[in-house]
Amino acid sequence: MNNEQLKEKIQSIDSTINIVEGKQYLELNVVAENLSKTALMLKNNADLSFDYLICLTGNDLPDAYSVVYHLESTKHNHLVVLKVKADSRENPVLDTVSNIWITADFHEREVYDLIGITFTNHPDMRRIFLDEEDWIGYPLRKDYTDNNIITR
Amino acid sequence: MNSESLILFFIVAVVLVGGALIFSSLVPPKSFNPQKSEPYECGIPTQGKTWLQFNVGYYLFAILFLIFDVETVFLFPWAVIMKTGGIAAFVEIIIFFTILGLGLLYAWKKRALIWE
Amino acid sequence: MNAGIPLVYFLVTATLMFFVGVYGFMTRKNMITILMSVELMLNAVNINFLAFNRFLFPGQLEGHFFALFIIAVAAAEAAVAIAIIINIYRHFHNIDVEQADEMKY
Amino acid sequence: MTGNQIMFIIFSAIIIIFSILTVTSRRILRAATYLLFVLISTAGMYFMLNYEFLAAVQLTLYAGGIVVLIIFSILLTSHIEEKFETPALMKRVYAAIASIIGAILVCTTLLNYTFTPGTETAKDVNMNLIGNSLISWGEQGYALPFELISILLLAAMIAVIVVAKKVKTK
Amino acid sequence: MNAIINYLKELFGGIKTLLTGMKVTGYYFVHPRQIITQQYPENRKTLKMFDRFKGEVSMPHDENNQHKCTACSICEINCPNGSIEVISKQVEKEDGKKKKELDTYIYKLSMCTFCGICIKVCPQDAIVFSQGFEHAVFNREKLIKTLNKPGSSLKEKVKE
Amino acid sequence: MAFDIYDFTSFNQTIDKALYDNLPPILAMLTEMVIIGVVFLLFYALVGLFLVYAERKVCAFIQNRVGPNRVGPYGIFQTFADFIKLLMKELIPINKADKILFNLAPFIVIIASFMAIAAIPFGKGLHAIDLNVGIFYVMAVSSLGVVGILLAGWSSNNKYSLIGAMRSGAQIVSYELSVGLSMVTMVILAGSMQLSEIVEAQRNGWFIFTGHVPAFIAFVIFLIASTAETNRGPFDLAEAESELTAGFHTEYSGIKFAFFFLAEYMNMFIVASIAATIFWGGWMPLHIPGWEGFNIVMDYIPPFFWYMGKTLVVIFLMMWFKWTFPRLRIDQLLKLEWKYLLPINLFNIILMALIVLMGWHF
Amino acid sequence: MENIITNNSIQQEEYIVNMGPQHPSTHGVLRLKISLKGETVENIEPHCGYIHRGIEKMCERLTYQQIIHLTDRLDYLSAHTNNEAVCLLVENALQIEVPERVKYIRTILDELTRLASHQLWWCAFGMDLGALTTYFYGLRDREKILDIFEETTGARLLQSFNVPGGLMNDIHPNFIGRVKEFITYFRKKLPEYDELLTGNVILKERTTDIGLLTLEEAINYGVTGPSGRASGFACDVRKHHPYSAYDKVEFKEILYTKGDSFHRYKARVEEMWESMKILEQLIDNIPEGDYAVKMKPIIKLPEGEYYQRVEAARGEFGVYVLSTGEKYPYRVKFRSPNFSNLSAINKLGAGHKIADLVAIGGSLDLVIPDIDR
Amino acid sequence: MKYEDFNDNETLELFKQTGGNLFFTTVDAIINWGRSNSVWPLTFATACCGIEMMAAGASRHDFARFGIEVYRASPRQADVIVVAGTIVNKMAPVLKRLYDQMPEPKYVIAMGACAISGGPFYYNSYHVVKGVEKVIPVDVYIPGCPPRPEALLYGVMQLQRKIQTETIRNPRKQPDTFADTDNK
C-alpha cells in the first residue's frame, strides 16, 4: 500500500487519529490514552499488520515529552510513524507497547533511562544503561545538567 | 633401584616445590587493598553463595566411573596372562564382560549416560 | 623391603588406625564423614591381612586376595552408599544422621 | 636404622596423624584430604610389604576413585564456609575412652603374643601369579570371586542408577 | 541393526570432518612460507605507511621555517572534539596595520580522533597528516604538542 | 643387537656400586635418591618449559605467524622469562578461601605428575624405578591429579572455579577409564605390565604394527582419552576461557598458577610417553624386516632420541588437535566417552584377546 | 533427568553467575547476569551501560559533519555503513543527488566493511567455541581488507570516509586492483573456513538446535541482519529499501528458516559469498565523476523528522533526526541493530547450558558499544 | 631498536634516577629481563581499540613475538592491563576492581584517545571518564584512535623499557614530577 491508501485505510478504521504527511512517511498522531489501542489495531489489522517495530525514540520536545514509533509491516512492506505525546511534563507516563512488540521492552527502558518517561504495565521498568542506584536525572532531557560535562 | 626410591623421590619433589612456593610468597613485592582478596567475578562483586547448586549429572558419572574402575583393576591381571592363559582366560573374560555389558546397557537404556 | 620391621609394628599401626576410625564413627554426625571413618577401618583391616600374609604365610596368597576383594567390595559399597547419601540430601537438604531419622522413604 | 625403618616410621606416622585429623577436622573437605593422605600412605605400606599390585590398586581405587567420589559428593552437598559443630563433649569423651581402651586392649594382646613367622619360601607376588590365580579354579584359584565381582558390580551399578533415578516416584 | 549402522556412520562421518579440519591446519604448519608476520621493530627501516595514513596532524614548514597557517581558527571550530587550539597574537606590521598571526598552534594528540575534518576545512592547506605512529609516551603531557616550530612565521602568499 | 651399546643398566650399577662402596649404606642410598630426584626435577622443569615453548611455536606456525622470537635466538628463552616472572609475582590470598587446601592443591597436581614420570623408561635401564606393575602405577598416580583440581576449585571460593573443577573432575575420571582400558588392550598383547618388559616385547616390531586393527583402535582411543584426561583442547572445559574465564585456577596467581600450568604440560608429556612406550616401542628403534642395512643404521641412533622423538610426535598430535578443533560441551564430552569410547573399547579388548588367542598378531 | 527439575522439596536458592563486564566471550563489556540451575541457564538478564557514552546527547551539540566521526564509534565494525546512514539522511533531507561514482564507491566500501566484519565475527565465534586458530585465519584475511581501507581512507578501522555530499577523498589509484586481488584471494580462502569450522562435527553438535528463534519471534524482537534472516525474517534493507548502488546489483538475500545458532552461522558465511558477488559486479564499473558534491560549509536540515536505514553488518542500522532547522540537530537517535538483537538473548539462551550461551552470544555477533551508544 | 630511536627518553631517565641500587643490579637485571619479556595482558577490551588490540595479536603483527600472547582472562594471572577503549562511569569501579585484583607487579597501558583523556568523548559527554588515570595509575600512553597495531607494539616496547628501570627493592617508583597531570 502506498501512503495514500494507508491513510485512507487507517482513517476508515479510526478517524480520531490525526494523520500528517511527513517528510518521508505517514505520521500518525495519537493521544496518550489511545496509544495501546491504536498500536494493537495497527498490529492486528490484517491489511495493515505492522508487525515490526523498527525503532522507538523518546523526544524531549519543547512542549511535551513524546515518543515516536517507526512501524513496518513485513507482509505489506509499508511503513508508518506513530507519534504520541505524554500528557504531563512533570511526570510523563505512557502505556507500554512491549506486550505488542516485545522489542519495545528494551527500547522503552532506554527511553525511561534517558528521557524519563515511565511506561505503565512494563514488566521491568528499570534503568538500562545508567547506574540504577546512584544516577540522578535523565541525561537526554534538554535541561539536564551535570558537573561531569565539560562544554566547549 | 627399587620402589624405595619412590618415597625419596616424593620428598625431594615436595621440598623443591615447597621451596619455590615459600620463596615466592616472601620475596616478590606485595600490596594491599581491600578489593584484592575478594573473589574474582568479571569485575563485579560476587552475589550469593559461591556454591554450585546440586547437579546430579556429575556425581552419577563419578559413581559409574568408580564401578568401571574396579573392573579395569581386575582386567589388568587378566590381561597379563591372556597370552598364556589360553581359552580358559578368554571364556572367563567373556562371561565377565557380558555381565558388565548388561550393566552398561541398563545404564544406557535408563538414560543414565546422558548428562543433564 | 620389610626387612627389619617386626610384624607387630604393622599390626599396631593398623590397630590405632582402626580405633581412630571407630572414634570417628561414634562422634561424627555427617554421613559422608561416617563413610570416611568406615573406610579407615577397612584399610586398617587390609593392612592386617597383608601383614599376616607376608609374615606368617609368605607362600600363600589368601591375604592378598582377600585385601583385593575387600577393596573391590569397598568401592562398590562406597558407590552405593554415596548414591544413597546424595539421594537423602536431595530430599532433606541435609545429611546429618540425626535428622535422617525422620526418613520416610 | 635402615632406610626401611625410616620409611615405615614416616608412613605409620602419616597414617596415624592424618587418621586422627580425618575424624576430628571440622571442615569436611579437609577431612577428605587427610583421608587421601592416609590412603596414600597405606599404599606405601603395601609397597613396603612388596605387594606392588595391591599398592597400585589402592592408589587407583581408594585414592583415585573412592576419595574422588567422596570429594565429589562433598562438593555437591556442602559449602566452603560450612564447619561442623564440635560434637558434645561427653560424646567425645565416651567415644575417645571407648576407642582408647579398645586400642590398648588389642595392642597389649598383640604385643604379648608371639607370632611364628612362616617358614615357606616367600612367593614373588608378580602379575603372572596374580593373573593365573584369578582365572584358575580350585586350590589357590580365585576365578569364582572374580566372576562374582562382576555380578557385584552389576548389582551396584543397577542399584546406583535406581537410587539416583528414584526421585521421580515421589 | 539400523541403529548400529547409524552409530558407525555417525562415528566415521564425524572423524572425517575432523580430519578435514586437521588438513587445513596441517597444511599451514608445513608451509612456513605462508607466514605473514611483519616483524615490527626489526622492519622499521622498510616499514612504509600508506601515503594517506593518518598518523598525526602536523604543520609542514618550509626551509625558511615558514608555515601557511593564518590563524583563522576554522580548524579549531570544526574539530569535533576540540583537539586543536589556535592561539593568535596581534602583530604590528611595518605599515602600521595590525594583523593576526599565529602564536602557538596547540594540537592535543591525546584527544585527536583522526577524522580529518580539520585538514579538509583548512583554507590554506596549512596542516597535513604525517605518517608517524610511534607516539607512546610515559607522560601524558608529552602528547600535547605545539605544531608551529619556534620562531616560525607565516609564509607570504605568492600572488599569481 | 647394536643398540644394546646404549644400555644404561651397567652404568647405573657402576654408580650404585661406587656410592655404596664409599659411604655407609643409608647415606649412599640417600645421596643416590637425592641425586636422582634433583636430576628428574631438573629434567621435569626443562621439559615443561620446553613444551610450553614448543606449543607456542607450533601454534604459531599453524596460525601463520612466527611466535616468540625476541627473547634469545628464536625466542627459546621465552619460557624462562615467563618462569622468572611468575616466580617473582605476588601470591594473593583469597578471602574465605580454605587456605590449607588452596595451597595444597597445586602441590597435589604437580607431585602426582612428578611421581608418574619416575616410572617412565627413557632408554634401556634409564628409569628411576621399574615396577612390575609399571603401567598400572602410572595410571594410578596420575589419577591423583584430579583431586588437586577438585580441591583447587572448591577451596578458592569462586563460582567459576567450582564449575570448572566439577567439570574437569567428571571429565578426568570418565576418560581415565578409557585410558586404562586401552592400556589393558596393549597389556594383553605384551603379556606384562612392566614398562621395560613391554618395550622389550616390541623388539621385533612395535605394537601398533604387530597388533594391527585393535592396536590401532586402542591407539586412537588412547590419544583421545589422554588428551581429555590432561584437560587439553578440545577437551579443555575445565579452563574454558570463553565460559569460565580461567576455570579451576581462576584465583591462582604467580608460582601456584605456574605449577598448574607446568603440570598440564607434564601430564601431556607423561601420556605421550606412555603412548610412545606401549604403542610405538618406547626407545626401540624402527626396524623394517628384511632391510638389514637400514635396521643397523637405525640401531645407532641412541634410544633416548628414539624415545623423545616418538613422544614429541604424540605431543605434536595433541597440539594439532588443540589448535584445530572447537571445544566440546560437557554433555557431549561425556557422551563421547560413555557412548562411544567405552563400548568400543570393551569390544576392542575382546577383539584383541581373540587375536592373541588365535595367534593372529605378528 | 527431567524429574529432578520437578523436585521441589529442596528449597531453591538462586545461583547467580555474572558473565562480564570483563569476560572473554561477551565481546566487550556486556554483563549477563545468569541464574543457573546446575549448569543449565534459567534466566539471563543483560545489564548494559558499561560503555554507554552518551553519543546521542553529544550529537545535539555537533554539526552534521561532526556527527559522522561519532557514528564510526557506535558499531566500529560497520563504521563505514554507519557513516553512510548519516550522510544519506542529510543528502535525502537536502535533496542532493550524489554522483554515481560516489554511490558505487560507497557500496563497494560497504561490502568490504561487511566482509571485514563477518571475518572478525567468524574468528571471534570460533574462539568462543574454543577453536583458537580461526581467530588467526579470520584476522589474517581481514588484514587484506584493512589494507585496502587504509590505502584509500587513511585509517584501518574508523575511516570517517563519508561526508555529506560524497566522500572525503577520491579512491586511491590502487584501489580497484587491490579489491580484485582480494576477491581472488578470498575466494580461495573462504572454502577453508568451511573445512575448518563449518563442516566440523563438533561445531555442528554445539550449534544445531541451540538458541532457536522462530520467524514470529524474530520479527517481534526486531532481530535483524543475518541473525534475523536465519529465522526467515526477510529484513535486508539493501534488498527492500535499496540505497546507494544496491538497486544496480544482483544478489541473493540469504534466508534460512530454522533460526538456530548453526543457521545464524551459515547465514553469515553465505553472506560473505554474496558480498563478494556484489563486489565483483561493481568493481569494474565504477563510473567516472566527482567524488563529492560541493556542500555549504554549514549544513542546516529543514525542519522535520528524518529516518534513514541502512543494512549494517549486524542488521538494520537507522538514524532518526529531529531537526529544528538549526545547524545542530535537535535530537538524534540511532537505531542500533545489536540493541534489538540483544533483547532476544533471554529467549534464546534460557534452558540451555552455559556453554551454549557462549555459542548463542557468538552467533548473534554483538558489538557492545553499539548497544550502549 | 636503539635507545635513540625511542621517544620520551627524558621521562625514562627520570625513572632511572629514582631506581638504581648497585647492590642488586645483577639480580635486578635478571628479574627485569624476566618481567619485561613476559608481560601477560588481561583480556580486557571495551571498544574499538580492542579490535586493534586483537589485530595486534593476530598473525600479521603477532604480539606473541614479545612473549605477550598469553592473554589471561583472570586478573590474578595478568601482568598488564591494556585499557583499550572508552571507560565510562559505570565501568570505572569495575576497572578499578580488576586492577586491584591483579598481583604485584602490575602495569597499565592506556591505549587510544579514550583511555588517555576521553578522546572524542571529552566534551559534552555525561558518562565518560576523562582518562583512565583518574581511576588507575597509567604507565604508558599510546595515542591514536585507534592506534594501529604497530603503535601498540611500540607502546609495549616502551613499557618494557620502563620495566627495565625497576629495582627489586623499590619497584615502580613514580617520579613526583607528574603525579597529577590533567588535560589542560
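Residue numbering begins at 1 within each chain, and the chains themselves are lettered A, B, C, D, E, F, G and H in the order written.
Simple rule for what comes next: a contact is a pair of C-beta atoms (placed from the backbone, for glycine too) under 8 Å apart; a residue touches a chain by one contact, two chains touch by 3 or more.
Being a predicted model, the structure only gives us computed values, none of them experimental.
Participant: Shortest hop count from chain G to chain H along touching chains?
Facilitator: 1
Participant: When I count C-beta pairs in contact, which pair ends up with more: B-C or E-H?
Facilitator: E-H
Participant: Measuring centre to centre with CA averages, how many angstrom lie between chain A and chain G?
Facilitator: 24
Participant: As a quick test, compute the distance in whole Å between the mean CA positions of chain A and chain D.
Facilitator: Those two chain centres are 72 Å apart.
Participant: Quick check: how many Å separate the C-alpha centres of chain B and chain H?
Facilitator: 41
Participant: Which residues belonging to chain H are in contact with no fewer than two other chains?
Facilitator: 43, 58-60, 62, 65, 73-74, 76, 90, 94, 98, 101, 103-105, 120-127, 145, 148, 168
Participant: Quick check on chain D: which residues sit in contact with 2+ other chains?
Facilitator: 2-4, 47, 52-53, 57, 60-61, 64-66, 68-69, 72-77, 80, 127, 130, 149, 153, 156, 160, 164-165, 167, 170
Participant: Which chain G residues sit where two or more other chains touch them?
Facilitator: Residues 1, 4, 7, 9-10, 17, 21-24, 39, 49, 52, 54, 57, 61-62, 69-70, 133, 135-136, 140, 143, 158, 196-197, 200, 202 of chain G touch two or more partner chains.
Participant: Could you please specify the touching residues of chain H with respect to chain B in the complex?
Facilitator: 74-76, 94-98, 100-101, 103-105, 168, 171-172
Participant: Touching chain G in the complex: which residues of chain F?
Facilitator: 59, 62-65, 159-160, 163, 233-234, 236-237, 240-245, 322-332
Participant: Considering only the defined contacts, which chain B positions touch chain C in the complex?
Facilitator: Residues of chain B touching chain C: 2-4, 54, 56, 59, 63, 66-67, 69-70, 73-74.
Participant: Touching chain A in the complex: which residues of chain H?
Facilitator: 89-90, 122-127, 130
Participant: What residues of chain B sit close enough to touch chain G in their complex?
Facilitator: 41-44, 47-49, 51-57, 111, 114, 116
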